[in-house]
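Quick notes on the structure that follows.
Here the chain labels run A, B and C in written order, and each chain numbers its own residues starting at 1.
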Amino acid sequence: MRTPTRRQISVFAFVLVLLLLYPLFVKGSFPLHVMIMVFLFAMLGVAWNIMGGYAGMFSFGQAAFFGIGAYTSSYLLTTYHVSPWIGLLAGGVLAALAAAAIGIPCSNLRGHYFAIASIAFAEIVRIHFNNWKLVGAAEGLTLPILGQSFRNFEFHSSKVPYYYILLGFLILSLLVCTWVSTSRMGFYFRALKESHDLAKVVGINFVRYRLAAIMISAFLTAMAGTFYAQYILYLDPDSVLILPISVQVVLVAMLGGAGSIMGPVIGAAILLPISEGTRVWLGPKGTGIDMVVYGTLIMLISAYHPQGVWGLFSRIGRGKA
Amino acid sequence: MGNITRRSFLIGGSALAVSAWMVPPVWGAPKTIKIGGLYPLTGNLASTGLDCRRGAELAVEIINGKYDLNLPLAKTEGLPNLGGAKIEMVWADTKGEPKNGQAEAERVVTQDGVVGVIGAYQSSVTKTASQATERLGIPYVCSDSSSPTLTERGLKYFFRVSPHDGIFAHDQFNFLKDLERVKKQKVQTVALLYENTEFGSNVGKQEQKYAQEYGYKAVEDISYTANATDVTSEVGRLIKANPDVLMHASYITDAILFTKTFKEMGFNPKGMLTMAGYIEPGYLPAVKADGDYFIVRSTFALDLAKSKPLVGKVNELFKKKFGIDMSENAARSFTAPFVFADAINRAKTTEAEAVVKALLETSIPGDQVIYPWKGVKFDPQSHQNIYATGTLVQVQNQQYVTVWPFESAAKDLVWPFPAWKSRK
Amino acid sequence: MGGGVLQQVVNSLLIGSVYSLVAIGLTLIWGVMNIINFAHGDFLMVGMFIAFWFYTLLHLDPVFSIPICAAVLFILGGLIYRFIVSKVMGGPLLAQLVVTFGVSIFLANLAVMLWTPDFRLIEKPLLSGTWSLGTVQLSIPKFAASLGSVLVSAGVFLFLKRTKTGKAILAVEMNRESALLIGINTDRINALSFGIGSALVGIAGAFLAMYYYIYPQVGGLFGLISFCIVALGGFGSIEGAFIAGILIGFVQTLGGYYFDPAYKYALVFLVYLITVWIRPQGLLGW
């Protein structure tokens, strides 16, 4: 994805205005919740994209960073009454450090091995948190219900402030992703994405850039984790550290178009309403058909149109491909 | 010109129709009282969710219809103080995830207009769902989640009817004391074995506490993964520790796996005291005779019908409607709708504050519940039903029979646990 | 009574060989096509269900279902290769990684739709019970699975080294381009390997069904562990998968016995991570 065309920017601006106005017209708690889930996974997908779609490190363990972010800010809040905003930064930093710790030894691993290593890493984190008494082990952490305010990062009478905050986070992530993509780092990634040998020959300090990508990705993912904690006000290992979350992040990015800035946003906009909607309408019948449809969709997209939806869109801005 | 007038008429007309539909009627008593039911209707625990739902469905049918049963509001159709208004359940699928608990609770309240919520089986989901209803100011009556922490949060709108794991753990140790006193069987050491999600680890904590309080030595304390591929290490450690009694908190999958491994490796303590998984409807069909002589905590047992005919009658209705006997899960979820209906009826309105006040004044007598309780009465602080107790049942000939408290036992306890090798 | 270290060693060997049996099909597929089949655990689940239904409906003991499970899974694998996986060969790596996740979600939830999430157990298989050998209790079905594992591994090994098709598979494993050059139809080899790999895990399913409970999500943990085993042993290496499986069996069992059962799987994953850092190609890979 090169620098966006003017047409694409205007489409983006138009959509942004719609999103900003959405809560003024749609008041229901459930539709707002769906949009918040869309933003959440869009953000996670964008963060994943930085290390996956761009730097070619396909992580299937993002839940580890999501959980580290959520747990860090929640633990600091419940035990030391630290503001969740500071906890947000702390979680991001811890996640970035964890990413570096795992990223350095794994920097030589190729595609499949890296993917499995990321799963192994995330599972170790999950199992540990599940047994770690300090953070509540399997019981998790319950956040205190404080008066609603921006400072407390809690809102009770309406979801609208959560909506705008997360939209802000998402835009921030998109800006970071754009910066990565259009910077020298992004250039190197694009040129050398799947050829590690070439990278060595050319002699660029590829490892350093990959590490930066992993750390940025982890930081943003952890931010999303803190948001989740403040939104639900309760977390346990099974809500934030499980493999299905990591997989959903990858699916969102891939469906929308990995390696494109807006791809994950589109992917989330499609997958999350399907996921929430099928649960609400098909769920109570209890047959699991929603997931069958979901799985089929993924198979078909990967097999027959792997460049994702964005692959279709990006032609619009440029005329005939 | 004509087009525009017609179009604007259509738009205006439909807007009017839609808004009329959205505005709730402000006159007259409600004809239906909507209650939200949150359960894992899909996902891993779908069969349990379905179980719970059946129990609640039967309860609602009894309330809405005219039945000659000694249950609150059974003999009248609907709620008499609200003009015979009937209960309508709005079911929501949580898929067993806490975030869905919150989303679904909010959805059924704000979009479907339910005036109360029941559910959600898994304590972690009940936690977030009831947090949502607290924020929205809607009463929540839970009769199927057993984590003690649920009633330790100081919530105003949350009530729990059924016993919690602290009570169940306490029961186990009371049983051991009774065993010594009445049956003259002494127990000195226990081993604690529990799966490592919130349910199991909470039970483990409670058991550690009571073991110390009652003076029993915990010679082993093992937390394990519920869906393990193999549990030979865990059982190996138990054999090595050689406890008098094993206390096991598990789900159904680990109950099955451990039962088989106990037999395979020959683990023979004097007694097996278990929770949850061993009383799931799928356990005995899976392990058959190997399940014999396990003792399980229970709120409900079919043989209660001997001392309480009401239980038998309710089970008959259940069997007629669903084709199977009532399970413990169905029995637990059966109660919440009654508690709600009784409170709303006394409050004479569905308005939240009045309902909460009525719930606090709940006093359902013991002969109107299908458990061996003294009734339903909520502690004013914690909102836990102070009369909720458990019993212990033992599997004998692949049936669950009540063996404790000894006074209400249907059959004699088999103790010690017959060694695997000595059985057929 | 089955206490003591010797028992745990025996258990390690038993569960380890079960793992090897499960992983062997995966390493074949991975070696030949460089694709991780993330639905591997779900193929195992299908094998288990086949054994279960043949037992329940036709009273056929799992021992005799083994060839049936192999055949059905061979066909299933072939179909999935032909219509889904073959389309991503040569495509973006991400698509290759994700496509089998899609298959996994699809299969697991199709099983929920068809057979409900309830847990099933084969109650009285021919191979059941325990042998007492001194202080050691030997589970008969697990022992049978271990024997099966050895036989299957040996069988596949010989197949690859001695038969013409087998050698063609090996050739493709080693060097795809060269294999093409000498006229091997790599697409057909791919399909065959996917089919054989699936058949092998079907056999594993039949054995596992003799003592483990069966339900739609049963593939999850077994699948994860298989990936670690295959990567640990070195992708494509049958001997590697066999040894790695046993090794993981020891890590899990002894780790659980001596260290902490709550962490036994964390130990498995940790061993995997450490090995792969030190030797990225696995123990016996190239």
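Points to keep in mind about this one:
As a convention for this text, contacts are C-beta pairs under 8 Å (C-beta built on N, C-alpha and C of every residue); 3 or more make two chains touch, one makes a residue touch a chain.
Computed from a predicted model, the values in this text were never measured in an experiment.
The touch graph of these protein chains is complete, with an edge between every pair of chains.
Set side by side, A-C and B-C show the greater C-beta contact count at A-C. Look at where the CA atoms of chain A average out and do the same for chain B: the two points lie 36 Å apart. Averaging Cα coordinates per chain places chain A and chain C 32 Å apart. Put simply, the C-alpha centre of chain B and that of chain C have 38 angstrom between them. Multi-chain contact residues of chain B (touching two or more other chains) are listed as 42-43, 46, 196, 223, 225.
In chain C, the positions touching at least two other chains are 112, 117, 262, 265. Shown for chain A are the residues in touch with two or more other chains, namely 127, 130-131, 287-288, 291.
On the chain C side of its complex with chain A, the touching residues are 30, 34-36, 83-85, 87-88, 91-99, 101-110, 112-113, 117, 224, 227-228, 231, 235, 260, 262-263, 265-266, 269-270, 272-273, 276-277, 280. Partner chain A is touched in their complex by these residues of chain B: 41-43, 46, 49-50, 91-93, 95, 97-100, 102-103, 106-107, 110-111, 124, 127-128, 131, 134-135, 149, 153, 196-198, 200-202, 223, 225. On the side of chain C, the complex with chain B involves touching residues 1-4, 7-8, 11, 15, 19, 112, 116-121, 123, 130, 137, 139, 211-213, 215, 217, 220-222, 225, 252-257, 261-262, 264-265. Those residues of chain B that touch chain C in the shared complex are 42-47, 196, 222-225, 227-237, 239-240, 252-253, 256-257, 260, 263-268, 282, 286-288.
Of all residues in chain A, those touching chain B in their complex are 28-30, 33, 127, 130-131, 137-140, 142, 145, 156-157, 228, 232-236, 238-239, 276, 279-280, 283-288, 290-291.
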